[in-house]
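Look at the two complexes coming up: chain A is in both, with chain B in one and chain C in the other.
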Partner chain A sequence: MRRSLLFIPSNSPAMLQNADIFGADGVIFDLEDAVSISEKDAARTLLDTFLTMYPLNKLEIIVRINQIETSITSKELEKIVSDRIDTIMLPKATKESTLILLNQLRNIEHEKKLTKKINIIPIIEMATSVLEVSDIAKVERVNGLLLGAEDLASDLEVPRTLESLEILMPRALTILAAKAHKIDAIDTPFIHKDDDEGLVKDAKFAKQLGMNAKACIHPNQVEIINEIFSPSMAEIHQALRIIEAHERPENIHKGAFSLDGKMVDKPIIDRAHKLIEKAKAWHLL
Partner chain B sequence: MKDLLTASAGTMESNDCLMIVSESDQLTIDLESIVYLQFKDQIEKVIRETLKEKGIEKLHVHCQDKGALDYTIKARLLTAIERLENMR
Partner chain C sequence: MIKNSLNRMILEGFTPYGDKHPNSCLKINHRPSNNTNKQLRSITDAFDKLQIKDGMTLSFHHHLRDGDFVLNMVLDEIKKRNLKHITLAPSSIFPIHEPMVELIKHGNIENIVTNYINGPVAKTVSEGYLKGFLTMDTHGGRPRAIESGELMIDVAFIATPAVNSFGDGNGIQGPSQCGALGYMMSDLMYAKHRVVITDFMTEDLLIKEIDGHYVDYIVQVDKIGDPQGIVSGTTKPTKDPVQLKIAKDTIKVMDALGLIKDGLSFQTGAGGTSIAVAEILRKKMIENNIKGSFASGGITSYLVNMHEEGLFNELYDVQCFDLEAIRSYRDNPKHHPMSASKYANPCHESVLVNDLDVVILGATEIDLNFNVNVTTDSHGYLMGGSGGHSDTAFGSKVSIITSNLVKSRTPIIKESVTALTTPGSTVDIFVTERGIAINPKRKDLIQKLNEVSFPMMTIEDLYHKSIEITGKPTPLIKSDKIIGHIRYRDGSIIDTLYQVRK
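Entry: the complex of A and B
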């Protein structure tokens, strides 16, 4: 379950060894934009050695690789794919590149005799990705979609603004595709790392649209994002009341019943259970 | 006389180390560290074990340590060796 995913540059020992102290639900070890071309080899060896010697069991371990079309990707996957990681994040995803990654993962998992299946989070950051987002979302092992607004804005030839009107439709389409395939919709990072007020506004709006989680580029953003994407105490209390009311003998076999004068039916009961599951996972109960 | 190849990896930033390896006819380790007195033996042990894993018996290793943990020392040495091998 995801609320916050923190990007960590993979060639920085100081950042790597503190990856698990910031309270993020997952960390994205970055081999792409945060690492210069001349240091790609050093970064993948440093990350692999780090994860071998310091397993991070309580976090989702995500690795952002380079674009699938580059020659670097095969070397990265050979080195990085192991039982120590959970997910590969794929930049500039298209349906084709996501399927290529899926096949590469299957081959490497078979060769290395892994005990787990690695998941995929494609990044929706090109106009093509947005148009193909539903097809990308239904590829096996894809369990979340990350909207990448900065690269997308470049592809759309528009400036990025604080209001984010330019990404409104891609945001909505990413959410719809994710929800239609029952996977996570993960919002683009807010890149103004010192603007807490702006982050709150942006994250609340993303949540209102339907995003489940948000990526972040600075440890200081984790707490705000966790708070916004966690259920509130009022929501938890109401969910518990709905579940308790549903489990009463007079309601348990009913398709719908009334609580506080409002109809409660299956979708509302399911949502209440899902919310309580999240609250338990995040120790809010 | 043949020029001896040299390769490096890492940085001089805090928590990192700069590892420079050069072709040599013997195994030598030259170590500088901000925690030399406390961790000299441990750093040298990591370097020797990494070289042993790679089956390397002849190499000059110069390590400038800025407080790197074992995994960083090992990773930077592995990258420097890989870069040296790619130069051959």
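Entry: the complex of A and C
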């Protein structure tokens, strides 16, 4: 379950050491854009050692590798894929590169006799990715889509703006594809790290559109994102009422019943259960 | 050597911490001056007039902080005259006082009594060059020692930014403004002789914080300090995400305990985390329309803002950390100066620290019994001192220590601290980036936090977490040579200081 995913550069020991203290639901250890080409090898070794030696609090461990077409990706996967990580984040994803990654993961998992299956979060950050987003979403093990607005804006040859009108359609398409395949829709990071007000506005808008999580590039953003993407106390209260009403003897076998004069049916009950599950996981109950 | 109640070895002949110091609160008489002809041309003249000689005790305040020229001028005169066996009693020692190093090594300066020591002098003393003894006091303990006669001062050299011809003075006028002059008051009233050193003479003093009746001599010099160093101290909130998390969590635990309410009295320091705590508290108080009673201690622009926004009705100021604090002290009628004695002297009936609801403090080390070290680093080098740490921890209703759990790959929690500055019995809450521990002795706080399901850890949990990260450090093997001791605010000895192993 995700609300916030925090990017941590894999070449910074001080930041690695504190990756798990900010309350992010997942940490994305970055081997791509945050690491210069001359430091890629060192960062890979540092991250591997860190994950072996360092006891991290319970959270999703995600590694953003380099683009699948580059020569470094195979080395990265060989080194990094292990039972210690949960997910690989794939930059500049296309349907083809996602499938290549899937096969590589299967091979490495088999060779290393891993006890778990590694998930995939493709980043939708090219015009091609947007057009293929539904096909990407349906690839096995893809359990979330991250919209990457900065690279996408470059690809679209438009400036990134605070209003984000230029990514409205890609945002919507990413959300639709994710929801259609019942996986997470993860919003692009808000890169103005000192603008809390802007972050609140941006995250609220993304949530309103249907995003259920947001990536972030600075630890100080985690708390705001968690707050916005968590169910409110009113929502939790209402979900508990729905579940309690459904479990009454007179309603338990009904397909639909009435609460406060409104019809409650299976999708609403399911959503209430899901919301309560999240609230429990995030210690809101 | 004998053990005190905290199991620390101390020298025989001193009152061990935990025992009652028999003469802790004796009171010697004020010593007003009879002198009417006060003007002298130089510090050399002051030495001649007062016949300053081998073995005397000279005192100083630290309001000019790391911009202080006055102590160095006096050191220069000691050097010229090759005086020996001098005891220096500055309320703090900063890196700018490096010239003291040579005089320590040559035996001119034999003993030091201070509340805080940092920089090259701290290194020199740590390495065992001081031929006599170092006594580390607290901000409240120093005036107690002076007023009881335990620390007898022969001559107090009092740097004063503005002085009139009678010897009255203040810290808010002239080119070397430093604001409130709280730390010099006991020196002024109880030293055998007082020399005021200034670089600004005026008959139009805005206030008279120094009473000229106690002043024997006035010396005007070109410059008493460097304004850049005088208003030192970080006066911006930290942007470091780890420290910011600690600051946010500090406010969360205060909130959960119901401490953020009307009438709140509060003290915090001038470091980045402390200011972040003040800034987050400010937002919380505005959000909930809360009006505090007072903020105290070293005053920063952040506390000034809160006062001017009506969040704290009064400020009690023992020293100003920045220009805004000086401006406020000059302009705001409810921004009060206070002496170190009024601030924290344990022999005074109504000291301000006893009225504090919450104090936020730092730590270099903390042990499993919540004892805190702010005097040395983990290698035994002197790098600070209590200042008001022990005083405010003792007096406040809730004392909160904030610190990274791991600093420079060294765990902050020890089985036993390298030097013990503040007893764990006066420390209530320890906030780190990886969790918050409450002193088990504060059952009331634990119960309150349990009632609101506030997440807590034990200090043992935090210790094990830090060891998981760093591994268990090799214990420091202390040398046998004693260089001094830490004197608790009541005059008892809380710990012994040893020379570092080279």
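Note that the second predicted complex is superposed on the first by the 283 of 285 C-alpha atoms of A that agree within 3 Å, B and C clash if a C-alpha of one lies under 4 Å from a C-alpha of the other, contacts with A are read in each partner's own complex, and residues count from 1 in each chain.
The definition used in the following text is that a residue touches a chain if its C-beta (ideal position, glycine included) is under 8 Å from a C-beta of that chain, and two chains touch if they have at least 3 such contacts.
Model, not experiment: these values are computed from the prediction.
Enquirer: If chain A is used to align the two complexes, do chain B and chain C fit next to each other or clash?
Expert: fit
Enquirer: Does the superposition put A:E223 against chain B (first), chain C (second), both, or neither?
Expert: Only chain C; A:E223 stays clear of chain B.
Enquirer: Tell me the angle subtended at the Cα centre of chain A by the Cα centres of chain B and chain C, rounded to the nearest 10 °.
Expert: 60
Enquirer: Counting only touches as set out at the top, which of chain B and chain C does A:D41 meet: first, second, both, neither?
Expert: first
Enquirer: Just to be sure I read the superposition right, which of the two partners does A:F50 touch: chain B = first, chain C = second, or both, or neither?
Expert: first
Enquirer: What is the contact status of A:P91 with respect to chain B (first) and chain C (second): first, second, both, or neither?
Expert: Neither: A:P91 stays clear of chain B and chain C.
Enquirer: When the two structures are laid over each other on chain A, which of chain B and chain C touches more residues of chain A?
Expert: Between chain B and chain C, the winner on chain A residue contacts is B.
Enquirer: State whether A:P231 touches chain B only (first), chain C only (second), both chains, or neither.
Expert: neither
Enquirer: Quick one: classify A:G26 as touching chain B (first), chain C (second), both or neither.
Expert: A:G26: touches no partner chain.
Enquirer: I'd like to know which partner A:Q17 touches here: chain B for first, chain C for second, both or neither.
Expert: After superposing on A, A:Q17 lies in contact with both chain B and chain C.
Enquirer: Least CA distance chain B-chain C after superposition, rounded to whole Å?
Expert: 5
Enquirer: Touching chain B in one complex and chain C in the other: list those residues of chain A.
Expert: Common interface on chain A, chain B vs chain C: 17, 54.
Enquirer: Over in the complex, which chain B residues touch chain A? Could you list them?
Expert: 9-10, 13-16, 68-72, 74-76, 78-79, 82-83
Enquirer: In their shared complex, at which residues does chain A touch chain C?
Expert: 17-18, 21-22, 54-55, 218-220, 223
Enquirer: For chain A, which residues are in contact with chain B within the complex?
Expert: 12-14, 17, 41-42, 45-46, 48-50, 52-54
Enquirer: Please output the residues of chain C touching chain A within their complex, sorted ascending.
Expert: On the chain C side, the touching residues are 241-242, 244-245, 248, 406, 433-434, 468-469.
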